[in-house]
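The two complexes that follow have chain A in common; it is paired with chain B in the first and with chain C in the second.
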Partner chain A sequence: MMASNCEASVSQVRGLAVVALSGEVDGSAATVLGSAYDAAVRDEPTAVLLDFAAVDYINSTGIALIVSVLAKARSEGRRVVASGLSEHYRRIFDITRLSDFIQLYADVESAANGVIEGASA
Partner chain B sequence: MSPAPDPERVVPLAEIELAVQEAEVPVVVAPRDAGHWAPNVTRLTVDADRAAVGFNVAGKRVTGPQQGFGRLWQRTYTTQLGSVVGPQRLISEWKAHFGEFWTKGNRFHGLLITPGEVAPIAVNTGAGLKLSTGVLVLYADDESFTFMTPEGHMFAGWITFSAFADAAGTAARIQVLIRPNDPIFELGWPVMKRMEDRFWMATLRNVAAHFGVLDAAVEERTVLVDKHRIWHNARNVWHNAGIRSVLHLLTAPVRAVRRRRLG
Partner chain C sequence: MTADRPNAGEVVLGEFAVSSEPGNERTALALVEGALNGRLNGEQLDRLKTAVAEATMNAIEHGNRNQPELEVVVRVLSSATGVTVTITDLGGEHAPSGPIVAPDLDEKLAGLQSPRGWGLFLIRHMVDAMDVSVDGVEHTVRLVMHVDAPAAAQREGARGDG
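Moving on, here comes the complex of A and B:
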């Protein structure tokens, strides 16, 4: 098995489960990302936030992993949003058309606000 | 009040470096992966030389797995090449000879496997019809490259070709993350699934044979990532490359007459 340079920590911000990713999101990040997602949904959060603020590398297999997480969340009826994407990674989300179906926020705080406002609207 | 600077004074380098550090000018460093991704495009374009084979690609948008209709599948084909080649050389050769590794009757009209390249393809459906569609090279680095499909393609999603070192030496892998693009292709999935198996397994065997590994065993693994269909994408059928390829074939005499009239 390939060693992963990706790390993930899970926390709660006003009912939102935050998966803060750091390092490199590539094919070797599958276990890290999968475990983090499973931990994040354990307490039935309003939504799951993938925070990319500390990510400095994403390749195409990494993007495929993110889609797998989104598909899993969708099949479970959960909402997933993202934050902390640099201009470069926002562009990657546009090219791959991930941004068509995942709400992007500048940071964790604005994501929490956005999700709460969305839930109460 | 500080004294006025002496314009004749030669400023030492260390002093300049310190001044730059203190200025705290943000330095924007492009991420390592920046050069590996295709530029953002709204609609695909095909150059004039390949326009005739790219009629189902020009003007189309690319489709990720969530723009398709059917169930989402991850299918992985892997073969071992042992120690005859390393991952980087394998990918370099695979890129250089990509279309040559395809099975007879299928054509890849790409020039280079570089990010942003749009390659028309012709797929042998086995029913006497060539289905014309294409791919965008979404990502390419030294150890992998990924194609993204356009509207109308059988599948919405990505196909990643990669090589990596493991305990047995070097492995070559093809991994697709796809949804059938519309209800017609979803209905045809059981047949297309078998065609995909034959096609990609033969491709991997051809890659292995290129390096002298004959009759390589190919391992296949299928995971149903999302069993739900995306019903609002059912209208993708409008772009169906199969239907459009048939229409293109039927209207060939009309285009020939028009070309003759225009001289």
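Moving on, here comes the complex of A and C:
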């Protein structure tokens, strides 16, 4: 199996579970992303933010992992949002329709604001 | 391997081979970027790099079936109207050359389709043109990006000024 060049850290920003990814999101990132998601939802947040600000590469197998995380979150009644995507990867989220299901934000702060405002609306 | 022949008016900017091991698509796209040496603007380059990565992954996995002793040959060609990258493996016919059915995200989220299957879809959306040819065991994907002539001239001028 190919070694993963993806790292993830989990934190909370004003109640929003944040999975900050770095490096390369491809098929080899499955364990890293899966473990990070599981850690992020341990306290039962209503939304999880995937932050891609430090990600420099996403390929089709990485897209498949994101689809799997989204499917799992939806089955648990959780919302997934994303931040930090470059213009190029925003375009890929658009053509794959991931952005129909994952609200995109510029950064973690605006994502936290958006989720809080959405919850109080 | 003979790879793909350049068409009339095309100049070879680079040709290289990567062994068929998962992850080597990253090497291929870095070599392509180096060979292009600023020929494409940032947005076009990002799109081409994604297409090259996906086509090389397909060549490694579905063409050469992850056999490291088999090479994937990548050629970078330039013409007055654009840039072409060819990616050749030894897997014969293995990728559809007709219309690609768009992956259905709703079905994937419902567990009715595999979450995978985005590669060809991405390639088709990233490049201006794509075709597949098979010559015996050699399977070649040709990726084309058109260069906007005034913008290209401006970039050439800027390089000349520097």
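We take it that the second predicted complex is superposed on the first by the 121 of 121 C-alpha atoms of A that agree within 3 Å, B and C clash if a C-alpha of one lies under 4 Å from a C-alpha of the other, contacts with A are read in each partner's own complex, and residues count from 1 in each chain.
Just so we're on the same page, a contact is a pair of C-beta atoms (placed from the backbone, for glycine too) under 8 Å apart; a residue touches a chain by one contact, two chains touch by 3 or more.
All values reported here derive from a predicted model rather than from experimental measurement.
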item: Contacts of A:59 with chain B and chain C, given as first, second, both or neither; value: both
item: Contacts of A:71 with chain B and chain C, given as first, second, both or neither; value: both
item: Residues on chain A lying within both footprints (that of chain B and that of chain C); value: 2, 27, 57, 59-61, 63-64, 67-68, 70-71, 74, 86, 88, 92, 95-98, 100-101
item: Chain A-touching residues of chain C, taken from the complex the two chains share; value: 22-23, 25-26, 43, 46-47, 50, 53-54, 57, 103, 105, 108-111, 114-119, 121-122, 125
item: Complex contact set, residues of chain B against chain A; value: 30-34, 36-41, 62-67, 72, 74, 138-139, 141, 144-146, 148, 158, 160, 162, 164, 175, 177, 225-228
item: Residue ranges of chain A touching chain C (in the complex, touch as defined); value: 2, 24, 26-28, 57, 59-61, 63-65, 67-68, 70-71, 74, 86-88, 92, 95-98, 100-101
item: Residue ranges of chain A in contact with chain B within the complex; value: 2, 27, 56-61, 63-64, 67-68, 70-72, 74-75, 86, 88-89, 91-92, 94-98, 100-101
